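Each of the two complexes below includes subunit A, the first together with subunit B, the second together with subunit C.
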Partner chain A sequence: MIGPQICMLIPVVYLFGALLVPLIGWRRGAAGWGMALAAAAGAFFFSLGGLAGVLQRGSLSYHLGGWMPPIGIEFVMDPLSAFLEVVITGIGLLAVVYTRRSVEHEIPDRLMPFSSLALLVLTGLSGMVITGDLFNLYVFLEISALAGYALIAVGERPASYAAFRYLGMGTVGASFYLLGLAFLYMTLGTLNMADLSRMLAVTDVSATVAVGLLLLFMGAALKMALFPMHGWLPDAYTHASSAATALIAPIGTKVAGYILIRVLLYLLGAGEKGSGLPLLSLLAYLGAAAVIYGSILAVCQSELKRMLAYSSIAQVGYIAIGVGLNSALGFTGAVLHILNHACMKASLFFVSGGLRLRLGHSRIPRFTNALRRAMPWSSAAFALAALSMIGLPPTAGFFSKWYLALGAIEQSRWLFLGVLLFSSLLNAVYFFRVLERMYLDRPGIEPAERPTSVARHEAPPAMLLPAVALSSALLVIGLGNTWIVDRLIGPMIPGGM
Partner chain B sequence: MIDLIRGHYVYFFLAGLFLIGLYAIMFKGNLMKKIIGMSIMQSSVILFYVSSAYKDGGTVPVLDPRRGVENPDLYLNPLPHCLMLTAIVVAVVTLGVSFAMIIDIYRNYETIEEPLLLERLKDEA
Partner chain C sequence: MEESVSSALPLFAVGVSLAAVPLILWSRGRPNLREFWTLAAAFAKALIVLALLPEVLAGRTVECRLLEISPEIALHLKADPVGMVFALVSSSLWILTSFYSIGYVRGAGEKSQTRYFASFAVCLSATLGIAFSANLLTFLIFYEILSIATYPLVIHKETAEALRSGRQYLVYALSAGVVLIAAVAWTYNLSGTLDFRPGGLLADRAFEAADLRVLFLLFIAGVGVKAGIMPLQSWLPAAMVAPTPVSALLHAVAVVKSGVFGVIRVVGFVFGPSLMKTHGLDAILAAFAGATILFASLIALRQDNLKIRLAYSTIGHLSYIVLGMAMLVPEAFSGGLLHLAAHATTKIALFFCAGAIYVNLHKTEVSQLNGIGRVMPWTMSAFAVGAMGLSGLPPVNAFFSKYALCLGTVEAGRLPALAVLLMSGLLNAAYLLPIVHRAFFRHGGRELEGHGEASAWMVVPLCVAAALSLLLGFRPNALVHLFDLVLLGTRAVFPESVPFAGGGP
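Here is the complex of A and B:
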């Protein structure tokens, strides 16, 4: 029933959706948004089908134009791609649902172009995950990046400058990637991932290949905003519209992390064998630095979106640590954290957009506990996601950190264990700061001054539902984590670990 | 030494071009100059691919009855050229998007000089 064509369908549905949105939404932006919603739902459906197919029958592979792979381009759905595809399309669907009210409020009259660009971003991201060809991956990378620059540029006044800086860094990253690919292609003569990994397994890694790998690493790390290459991220996420941030922040940087997983763990093989390149250790140490740096700066922020942006830098660090540990436990933690963090960060950004809609700002010092009564569901969704970010059981965030910690203990790398524990404390500091203002009485205020009755002023359902759905999903993921780890992540652990 | 230069002068030239572009992106204060740097850098990567397809004595990869099909060394490798057609399109789109952003920045802040722009951003915040 589920054929290999399903690999192709996901990006194609997004791409055609993106082209149809301007045609349908020419007069009425809302109709274009409806088209975008249909495309996003379709892609989610296909990715679920793809995941089911992969679980039943193993990897699916589709050859574009009937050309056989190493020459033609191949789309591959293996357990890792299928899993990430579900994460991307799922978050994408909820983000598109969220888009309408948020965009109408923050950037009026831009709903149609926004929906179209959002679908283009999703085309790129889903394509990057599913392609089996390294140059094709570059093309999808640029599709998602270019649409992403445009999405970020439309927002507050400083957004265009923030987007310009992102564009500069992103282009440098993409050029590094392309240059690294040139080194690999000139030495090994193939761009197909499976073919490349077979060649790397039998040949020694020459100096040229090593330089190429280093360039690929740097390109992907720039796109991933891995410390110290994160400079573009905080401004871009803060000044973009809430809907754009909620779409790009949860999945954008993680797909760049996927490139690193693919290249370092699958292409090079788990052993890095004799390349003399300590790329994985480098990744783990940079990740540890990112975790500490991002968490400390998040504590210093007074703007909610900016705080979440710095926390994203830290969370990408967790994924880097997990990949860099180069063990089955670390890998499990990293992949699980991709899922968890996508849900947590999307939910938090959804709520921050709702706050901007109802309060007109998202500055933490101005939050009061009236918020709890005015927006009970948003506050609850925020609190649940925040607890998961801190890593309290039984929320999902606990389990990915648990696997990462187990991975660190297994190899006796106490530095990473210390970083994980210390950063959980820092997470607690910066999230409890917000939760305290949302939920607790301020001792300084006299009871008479307290507003006795606060009118219910909840975010509109279309913006509330995605946040509540993701926050509840965190509990479900947390409780069902053994199933996810055994059934979904188990098959994707690279051989040799 | 001479051999090294003769055999690799293309690579030295392209590495220089790449670094010039990178330098402009990182250190130039004018946003337009940053874009020029970006373009130089992308061009150097594109030329790098194209130069990798070159063979001494090779010709365009179209069947030439006098050369036949037996010896592929007589034809250039067409694949890098095809790849770079895509990369050129990407570079053009990047240019377009960045120009649009510069126009928007200029409309909002009436400058594209980074130091001045940062000052105005700070005043606004």
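Here is the complex of A and C:
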């Protein structure tokens, strides 16, 4: 029987896992990693259970320590948070599987601390999604952020600088968020989400609340790396170790996006009434700018991980557009894209880490078609995820774009439609640039210089299988998207849409 | 309302070549086994399509509704008469092309043959998917799959030129894809349904004229790239860098005809003749098609490379079909459908000949072809049949389709269109028949001595293609009741009319 306790179990399993890892892995890092794997698997299991429970019986709510809200902290699993928990814990599990070989290669002797930090990041991310209290969300935000800075700092040489920059920007973002909370609390006297939404529904939004909301928006947008507040992201993703990027990139920014969805669409109500702040329009326009900016800069990159990082900035823009459209279709597209992009980006970063392991680099100009022969499965996983990023049917990426396009057309917002479609073409440019090198002979190389026979040198199974699994999942999600949209996303569409 | 039968056959027809792909990849070390899978899939596909024929001829459609891919829109396959015409043409010609491909890639020593045959199989699945799509979203999905699956074939040679053409092809094809996505999504927003309906799914609704015009242009731009409507044609001659069987099947039959088939669906099943007429959309389409026919024919005159000349000829003939659709009368609609089949059999014969000449004699330019008719009599006779057909001379099948098109232009009272068709016939003769003349009536150089026909793998398919063109010219209903199918399809779109009441071809 699935009780409301399951809400609390997910972050707690991660948290205790993170504490146990150093104890168990003190001497042997691999044992610590085993503990992390067990915790990640447990959390995934609980989140699936939570989702099943929510589907059967509606939202679950757990009062921490038996204190009733608004005094006590409430953990809530509604359709949206249950869905996101599954995404976070699922990607988290695969990332932990992936971690071992990748970390042993890139940052030797750091497996134990790495595993522990990874679990802390997951504690924070899963906690942010599940909590029903805006202040508690801030606490989890800081947990994930602090662990994230450390995780990113252990990478290549420039990584510590990138992490410092991320730390600076991240702290500014978190401070904005906290300041916003203070303004809200000052006026409304509560930070419990359910209470807030009830109060905001009946009171006029005063200037103080409006300022609070604006600060909150800025803080979340900064954490989400929404253009033009994305500056910290490319360096952080590029220089961090592959395993850290593969863990943070697919889900980190999405959870900040979740804050925006929660605050703008649920707390404030779909109408955004009376606040006088066109936050949703602002979000959509910034999203559109992010899509174009990120895609164009991705075209210019010669380092695969950096290209993927800029592509993440663009993809976050899709989600922002979908939320900003403020309609059922836009919301559907945005939430579906959170899932799709998590799978695609995780798979792509998994493969790029595999390339670093086997080739020693991931610089696009140095790819040759020997790669395809040496690593056929990695290349295939990359190609499939790339097609999905471009948005070609029947992969998952097409369908999130389809719903977003329907949403844009519904409101006759042709600018957004144009941006969505044009960015598909830009995605095609930067991904086919890679695929062409990966799969085809490069004319101009003398036949003598070409490797005549290429030995099979595939990435190790623990790094390959997560990528292959996610890329295949893209086809399943694409063809089965109606089920997800009807059963999972349908119930979470905010009232009033 | 049309009767329909539920059956998995359309799904099998689409899936059989897709199922062959893993087998082809798996037996990459054993070429003979690998080619066996291609041939087996080709025959199986054609047989499944033939098995659908009796039901469709009896006036019923065969449907296969798979899972929903967007709320209330299913992945939905349906064999209706118009789709059957396209499916029959592409699946039967795939058999010929498979034999020919084997002769060609082995004769020319092409590399990456496994990738070649695997991509070909995916393309054919997508083509049948396009033929049997019952709604726009299904159509869109297969259309995009076809775009991507053709890419490995265009860049097959992996030379700098091939890569450049491949990029150009992708830019055109993917841009068209996103335009089509916009058009389809907008249609859904306007009408709430995407199911193709004879007479037009938008037909009985009221719209803003300006909206409708923009939507139509989006659709035409989306499908027009593959249909080679000017000014969207320039990828097609560039794609001739691909091996000749690819040019033959994909760039004369499957891919480009998918674009034309898209025009047929848009005109007959999305907008419908009456809506097109009220909003003057037919004139827009006719203007583009007419200009394309004339310009393409004129450009073809100046090309020395045989395949490029044939490519421009293809661009012109595709627009014959588009022009037929734009007339909005039953005769021209039937004529367009007939020309879809007629141009396929004749043009594939011509491309096969070009490939046989290349593999056998390594000649690619028209000016090098003096006297080769003596060396390769069968090949060049087949070429002559194809050239006569495309020039609109009886008794080849393309004469009759063109005759029907001309009837349609008269019926519609559009004499400029008639003039374009007649003019283009002359231009076709001017750029195709001199090749025949060169081949048979001029003396070749000494390098021809000691050469004979190309291998039977290539010569037999090209002769069969030419023979088919003649047979369908004498008896349009021979073998597969093509003419009956065309009439059925026309009657569905124009329910009140009796095509060819005054005696047809």
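Quick note on the criterion: the second predicted complex is superposed on the first by the 493 of 497 C-alpha atoms of A that agree within 3 Å, B and C clash if a C-alpha of one lies under 4 Å from a C-alpha of the other, contacts with A are read in each partner's own complex, and residues count from 1 in each chain.
The rule we apply is simple: a residue touches a chain if its C-beta (ideal position, glycine included) is under 8 Å from a C-beta of that chain, and two chains touch if they have at least 3 such contacts.
Predicted, not measured: the structure shown is a model, and the values here were computed from it.
Just to be sure I read the superposition right, which of the two partners does A:135 touch: subunit B = first, subunit C = second, or both, or neither?
first
Considering only touches as defined above, state whether A:26 meets subunit B (first), subunit C (second), both or neither.
neither
With both structures placed on chain A, which of the two partners, subunit B or subunit C, ends up touching more residues of subunit A?
Result: the larger residue contact count on subunit A belongs to C.
Can A:390 be said to touch subunit B (first), subunit C (second), both, or neither?
A:390 contacts subunit C only, not subunit B.
Quick check on the superposed pair: does A:421 touch subunit B, subunit C, both, or neither? Answer first, second, both or neither.
second
So, A:481: does it touch subunit B (first), subunit C (second), both, or neither?
Once the two structures are laid over each other on A, A:481 reaches subunit C alone.
Is A:150 touching anything from subunit B or subunit C once the two structures are fitted on A? First, second, both or neither.
first
Regarding the shared-chain residue A:67, is it in contact with subunit B (first), subunit C (second), both, or neither?
neither
Per the contact definition, I'd like the list of subunit A residues that touch subunit B in the complex.
Touching subunit B from subunit A are residues 135, 138-139, 142, 146, 149-150, 153, 157-158, 160-161, 163-164, 167-168, 171-172, 174-175, 178-179, 182, 185-186.
Which part of subunit B faces subunit A closely enough to touch in the complex?
Against subunit A, the touching part of subunit B is residues 18, 22, 25, 31, 34, 38, 41-42, 45, 48-49, 52, 80, 83, 86-87, 90, 93-94, 97-98, 100-102, 104-105, 108-109, 117, 121, 124.
Note which residues of subunit C are touching subunit A in the complex, please.
Within the complex, subunit C contacts subunit A at residues 67-71, 75, 140-141, 144-145, 148, 155, 158-160, 163, 166-167, 170-171, 174-175, 177-179, 181-182, 185-186, 188-189.
Show me the residue ranges of subunit A that touch subunit C in the complex, using the header's touch definition.
It comes out as residues 387, 390, 392-394, 398-399, 401-403, 405-406, 409-410, 417, 421-422, 424-425, 428, 432, 436, 440-441, 443-444, 478-482, 485-486.
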